[in-house]
Amino acid sequence: MQPLANITPLKPAGAIEVRNVGQIFKTTTQDVIALEDVSLDVKPGRFVVLVGPSGCGKSTLLMMMAGLRQQTSGTITISGAPIPEPDPNRVGVVFQEASLFPWLTAEENVEFPLALRRVAKSERRAKAQDALKLVGLDGFGKRHPHELSGGMKQRVSIARGLVQDPPVLLMDEPFAALDEQTRMTMGDELLRIWAATGKTVVFVTHSLTEAVYLADEVIVMSPRPGRIVDHLQVSLPRPRTYEMLSGDAFGTLRDRIWRHIRKSA
Amino acid sequence: MRGLGVKAARIAIVVALFAIWEILSRSGIVNPRLLPSASDTLATLGELLQRASVRKDLAVTATEVVTAFALAVPVGALIGFLIAENRYFADVAKPLLFFAFSIPKSIFLPMFILVFGVGFAQKVGFGFFSTIFIVIMSTTTAVESVKVEHLTVARSYGATPMQTAFRVYLPSMLPVLLEALRISMIFNLTGVILAEMYASRDGIGHQIATWGENFQMKQLLAGVLMIAVIAIAFNELVRWVETRCSHWRT
Amino acid sequence: MTAATLRRLIVIGLIALWELLPRAGLIPELFLPSLSSTLAAGWNEAGEYGHALAVTLYEVAISMAFACGGGILLGAIVGSLPRPRILIMPMVSSLYAVPLVILYPVFTVWLGIGSESKIAFASIYGFLPTMLATAAGIQTIDPQLLLAARSMGATLSQRLVRVIIPAAIPTVLSGLRVGGALVIVGVVVSEMLISSAGIGYLISRYRTILDSPHVFAGVLLVLAMAIAFNAAIKWIERKAAIWQTGTRAGQNAAEEISTTTLQPAT
Amino acid sequence: ADTVRIGLPTKTYWPTTIAETAVRQKLFEKEGIAAELTIYRGGAETFEAMAAGAADVILDATSLVSAGRKKGVNSKVLASAATGYYGWQLMTLSKSTLGVKDLAGKKVAITSAGSGSDLLALWTQQDKKIEFTRVPVGGGGLVPNLLAGNVDAAVVYSPLSFQISKSGEARTILDFSKEVPPNLAAGWIALDKYVQDKPQMVQKTLNALYGALMFMRANKDASVKLITELYEIPAEIAALEYENTILKLETDGSMDGAKIPEQLQLALDMAKAGGMKDLGPAAEIISTQFKPVPTKP
Amino acid sequence: MQPLANITPLKPAGAIEVRNVGQIFKTTTQDVIALEDVSLDVKPGRFVVLVGPSGCGKSTLLMMMAGLRQQTSGTITISGAPIPEPDPNRVGVVFQEASLFPWLTAEENVEFPLALRRVAKSERRAKAQDALKLVGLDGFGKRHPHELSGGMKQRVSIARGLVQDPPVLLMDEPFAALDEQTRMTMGDELLRIWAATGKTVVFVTHSLTEAVYLADEVIVMSPRPGRIVDHLQVSLPRPRTYEMLSGDAFGTLRDRIWRHIRKSA
C-alpha cells in the first residue's frame, strides 16, 4: 500500500464518515430525492455491506463516497478529509456495470490504473496477471471485453479494482453476474485480501446470505427517498464458514434484513 | 440560468471581437484601408442591403445553395449509408469516393460549364459536387460509430433496414451527423460562391469577386459578413435541432 | 467478381476514357488533354514539376501537423469539457462558416505570399473540421467509461489520451481523413490563388495560358498526393482497428483482419 | 428574338461598360436580337466558357485565340477592340522614390502568372533591360500587398490604377498605354462554328457593340454616370476611366486594316515572351468577314 | 398472441430443438470452442432454466436460439423451422446487459418493439404502461436510462421483452441486478404470465434456488467447451410456494445442481 499523505493522525486511513447527506437529482420532468439525511460511520478496516431494494440509492451513495458525485447536502469524509474529487490513493471503486474499455484487452484493462500511475511495464503486467488469476481468468488476459461473457467482464472489473490497492474499496454488486460457486470462491478471496491488507470495504449486494456471510456490519436502506433503516452488527466469528449459513445466528440476522427489504421493495 | 449565462458570454465574446476589430482599424495598428473599421463595414452592410440588386443577388445565391444542399444531403447520406451497410459496395466505392474527396474541386469548374453552361444548374451542380463527398464520408463514419449491442436489440425485434436506420442509426449518430451537416453546409456555400465567382450574371459571389478585384474593402468585408451571417444562421438552426434532440445526453 | 477487381476495372475504365475521349475529339483538348499528352507534358518539364511537388509536399506536411494534430487535441479537450464546449463550439463552427477563400488575397498582406500563407490557410481549412468532428465524436462516448477513469485518478491529459481519444477513434479517424484531405485541397487552392511556387501555382499559370496538358500534369500530381494520403490513412486505420471493438467500424475491421489472416499471402 | 451570349472577362473592365451600354440603349433590340451578358473570373475562364459553348461572342486577349487553336478550339478574332493597355500602370507607393530602373532585383506584383499583368511585367523587363521578381498576388491582392509593403511595385489595371493614384496612395512610374507599342491586344471573338452557323447574329452583335461605343463617345455625361454606377466608384474616377480608356478604343473594329496583321503578330510575340507556346501565325486567327456598322441609338 | 404463419402443423408453436450444436469463436489469438455437441429438446409451453458457471456458453446458446448468431455446426429449430434470422413473431429476447437505447425514455424503450410493428400509438402506450407496472416501475416511464438505477434498467429491459408477447421467450439473467424481494415478485409475475399464455420460456440464472423455483426442467452446463452435463425434471407441483423452498424435494434438486456447478466452476 502506498503512503497516504493527506490523512490527519487523528483519523486513520480508511475511516468513512457520512453526515446528513442528501442527494437530489434534477430531471426534465421532476426532481428526484435519491437520498435524504443519510449518516453513517465506518471505522477503518471494517467490512460493511449495503443492502436495499432496487433504486434505493446504494450506487448513488457509493458514487459520493468515491468523489464521483457531490452530495446536495451534508458532508462526507474519507480518511478524515472531504473527497471533492476521486482520489485513487484513498478510494477504489468497482462499478455496478463492468465499464471496461472495449479497446483494451482484459489484461490491459486491469493494468489501466497502474499505467495511470506510471508503474513500470513489467511490474504492472505481473500484478495484472495475479489479479486475473485471483478472479479465475488465468489465460484470458489477451481477450477483448466483447470476447468475454457477462460474468467474465465483471470479474475483469473486480480485478481492476483490486489491483489499485487503496485503503478504501467500494464495490457495487460486484458478484451479481456470477454463478454461486464462483461467487463463493470470490467472496472468500475478497475476505482473505481484506484480512491481509486491513482495507475498509463497502460492498453492495442483493444477496442477503452473501451480505451476512461477508459483513462486519450490514446497512439496510429503504427507497424514495433513500434512508438508512437499519444498521446491524454481524458478530459471527471469523473466518466465516459455510456451516454458519445454516446456524441460528445467521438465520436471525438474515431474517431481520429480509423483513426490511420485504417491507420496502 | 446556465443557458442565460452561456448566451451572455457568447454575446460578450462577439461584442469583444467587434471591439477589437474596431480598435485595430481606428488606431491604425492595421491599415484602415486594408481593414476598414467594424462600424464602417456594418454601415456599408446596411447600405448594401438597401439595394434591390444586392437583395436579388442574395436571393439567387440562397436559392442555389438551398437547392444544392437539398439534393446533396439525402443523396450523400444514402450513398454513405449503403457504403456502411454493404460490404461489397463499400469495397468498390469507398476508396474511390474518399480519393475524390481529397481533390480540390475548383479544378473541375470549367467542366461544369462544359456540361451545364452558365447558370442555375451549373451553380447547383458545383455546390452539389462540393458537398456530396463530405456528406458521404461523414455518414459512413457516423454509421460505423453505432454500438453493436443496440443493433442486436433492434435485430432481435425484427427491425427492417429502414426501421434500423431511422430508429437506431439516426438517433445514435445524431451528434456526429449534425456536425457533418454543419460542415457540409459550409462546403456547399463555399462551392456555390466559388462557382459564382468563376462565372455568373448574378449572385452574391459574383459581387464579392468584383469588390475584391476593385479593392473595395468595405464592400468586400460587408459581403463576407453577409455570407457569414447566413452560414451562422444555418449553424444555429442545426444547433437548435441538436439541443432539442440530445437532451438525453449528460 | 471481387470488389477489388470491380474497383480496378472502374479505375482502368476511367483511365481509358481519359485517353480516348479527347483523342476521339469528344472533349476538346482544352478541357481534357489525353492522358498520354498529359504525361508527356509532365515528363518534359519533370524538373519544374519535381520542384513544385517538393514545395507543395513541404507545405502539406506542416499544415497536416497543425490541422490534424492540433484539431484532434483541441477537439478532444473542448469536446470533453462541457462548459467550453457549450461556449466555444458554436463560435468555432460559425467562424468556419466565414468563407475564408474569399479573404485569402487580403490575408497574404500579413502572411506574405510564400509558404507561410499557404500553411496558415490550409491549417485553418483542415483544422476546424478535424476539431469539430473530434469534439462531436467525443459526445458519443459512454460516460460510464469516463467515470471509471476518473475513479482511478486519471488526470485530464490521461483521460484525453487513454480514454477519450481511443473511444472516439472512429470519429477521430474520419476527422483525420476529412482534415487531411482538406489540407491538400487548401494548399493547392491557395497556391492556385496566389503564389509563385508549388503545384497549384503551376496549374493556374498554365491554365491562364490555356496550356491544358501542363495543367493536367499538375492535376495528376495532386491526384497522386491524394492516393498517397489515402494509403496512409488506410494504414493508420488498420493499426487503430483494435481500438474500435464494440462499434460497427470495429466489426468491419475485425472481419478484415480475420479474412486477411485466413487467406494465404500471395 | 435570338439571344447572343456575350462573355466578359471581369466586371470592371471596359468591355463590360460597352456591352452594358448596348443593353441599356436597347441597341441589341434595335438589331432585332437579345443579349445575355455573363461575367467571368478572367480572360482564360472567358475563353474556356466560349470553348464550352456557354458564350457566343467574347472579348478576350487575342493570344488566347491562337493558343486555343492548338487545343482544338477553333475561333477567330472578328473585330479589333483595343491596341493598347489603356489605364494599365506600373505603380509604387507615393512615398516610394523608386523609378522603373530601380526595380531591378525588387518585387513587382502581378495578378497571376501568364495573365495580362504578367505580360506587361515581362515586357517591362525586356524593354528596360532589368530583372525583377514577378509576384502573383491575384486581383484582390494587388493593392493590399502594395500598401502593406510586401511588394515594391505593382502592375495595376484601370480604374483601380486611377483610384489609388487619385487617393494619393500610389503613383505611376510607367504608363503602359503610352509605352507599349500599339498591338492588337484585345478583340471580339467567336467560335468558327458559331460564325458559320449564325453570321447574321455575329454581325448584329458587333453592330450593337460598336454602336454602344459610338454612343459613349458622344455622350460623356451619361457614360460617366453609367461607369460610376457599374463600378461603384466616384464620378471623377469614372471620368478618368472614360477619358483614358473608352475614348482610346478602336472605333472601326474592322480586321481589314493594313496594320492589323502586324499589330496582331506583335501581340502574339509578346504572349510568347510571356511563356505561351505553340502559337500559330497571326493570319490564322484573323477573320475579315465582318465590318461593324454601329447601331444608331 | 398474433397468429404464426410459419409453423408446421406437426411442430406446435414454441417447440425448440437443438441438435448437435457447436460454436467456435475465432479471435485474434486463438480459436475458442464455446459450445460443443449441444442437443436439447424443449416442448412447447415448458419453462426451462439454464444454469452453468460463468463463461460456459449460456448466452451464446440463447443468441443462437434467437437467430442472432449462427452456430458453427448442428441445427436449431424453433416452432419447427430453422431460425437463420431473428424473428420476433417466434422468439423474444431479454438480454443479459440491459442494452436500452439511451435516447429513448423508459416508456419509449418498452414501446420500441411495438413501434417497429406499427402498433397504434395509444395501444402501445397502454401496453408499455402495463408492462412497466408489472416490473414495478410505474411512474418512471418518462425517465431516460441514465436516470435509472442498475436494477431499474434491467427491469425496463424485462418489460421490453414482455411487451412483444412471442411464443418463445429467452431471458438471460434477467433478475441479476434485483434485490431478493423484487426478484421474487418478478419471478411470480413471470410464472403467472407464463401460465396464462402458454409460452415456452428459456431462462438463464445463477441462483439455483430461483432455478428450481421457476423451472419445469433445469439444464446444467459445464464450461470449456460448453456441454450439457445434466437435465433435471422438476416435478414440484404448481403453483410453487415459498414453503417448498425448505422442502426435501427442493433441497435434493438444488444439491444435485450444486454439485455439478461446484465441480466445473
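For clarity, chains are labelled A, B, C, D and E in written order, and residue numbers in each chain start from 1.
Just so we're on the same page, a residue touches a chain if its C-beta (ideal position, glycine included) is under 8 Å from a C-beta of that chain, and two chains touch if they have at least 3 such contacts.
In this text the structure is predicted, and so the values were computed from the model without any measurement.
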| item | value |
| --- | --- |
| Touching both chain A and chain B (chains) | C, E |
| By number of C-beta contact pairs, the top two chains | B-C |
| Centre distance in Å when chain A and chain D are each reduced to the mean of their C-alpha atoms | 84 |
| Distance between the centres, which are taken as Cα means, of chain E and chain B, whole angstrom | 49 |
| Junction residues of chain A - those touching two or more other chains | 28, 97, 146 |
| For chain C, residues contacting two or more additional chains | 31, 105-106, 109, 143, 242, 244, 246, 250 |
| Chain D: positions in contact with at least two other chains | 48, 52, 139-140, 144, 147-148 |
| In the complex, chain D residues that touch chain B | 5, 10-12, 36-41, 45, 48-49, 52-55, 139-140, 142-144, 147-148, 159-160, 163-164, 169, 231-233 |
| Sites on chain E touched by chain B in the complex | 66, 68, 86-89, 91-93, 95, 97, 99, 101-104, 112-113, 115-116, 144, 146, 164 |
| Residues of chain C defined as touching chain B within the complex | 2-4, 6-7, 10-11, 27, 31, 86-87, 90-91, 93-94, 96-99, 101-103, 105-106, 109, 129, 132-133, 135-137, 139-140, 143, 170-171, 173-174, 177-178, 180-181, 184-185, 188-189, 192, 200, 203, 219, 222-223, 225-227, 229-230, 233, 244, 246-252 |
| Residues of chain B touching chain D in the complex | 31, 33-34, 110, 113-114, 117-118, 197-201, 206, 209-216, 219-220 |
| In the complex with chain C, residue positions of chain B that touch it | 6, 9-10, 13-14, 34, 84, 87-88, 90-93, 95-96, 98-99, 101-107, 110-111, 114, 134, 137-138, 140-141, 143-148, 151, 172-173, 175-176, 178-180, 182-183, 185-186, 189-190, 193-194, 197, 208, 212, 217, 220, 223-224, 227-228, 231-232, 234-236, 239, 246, 249-250 |
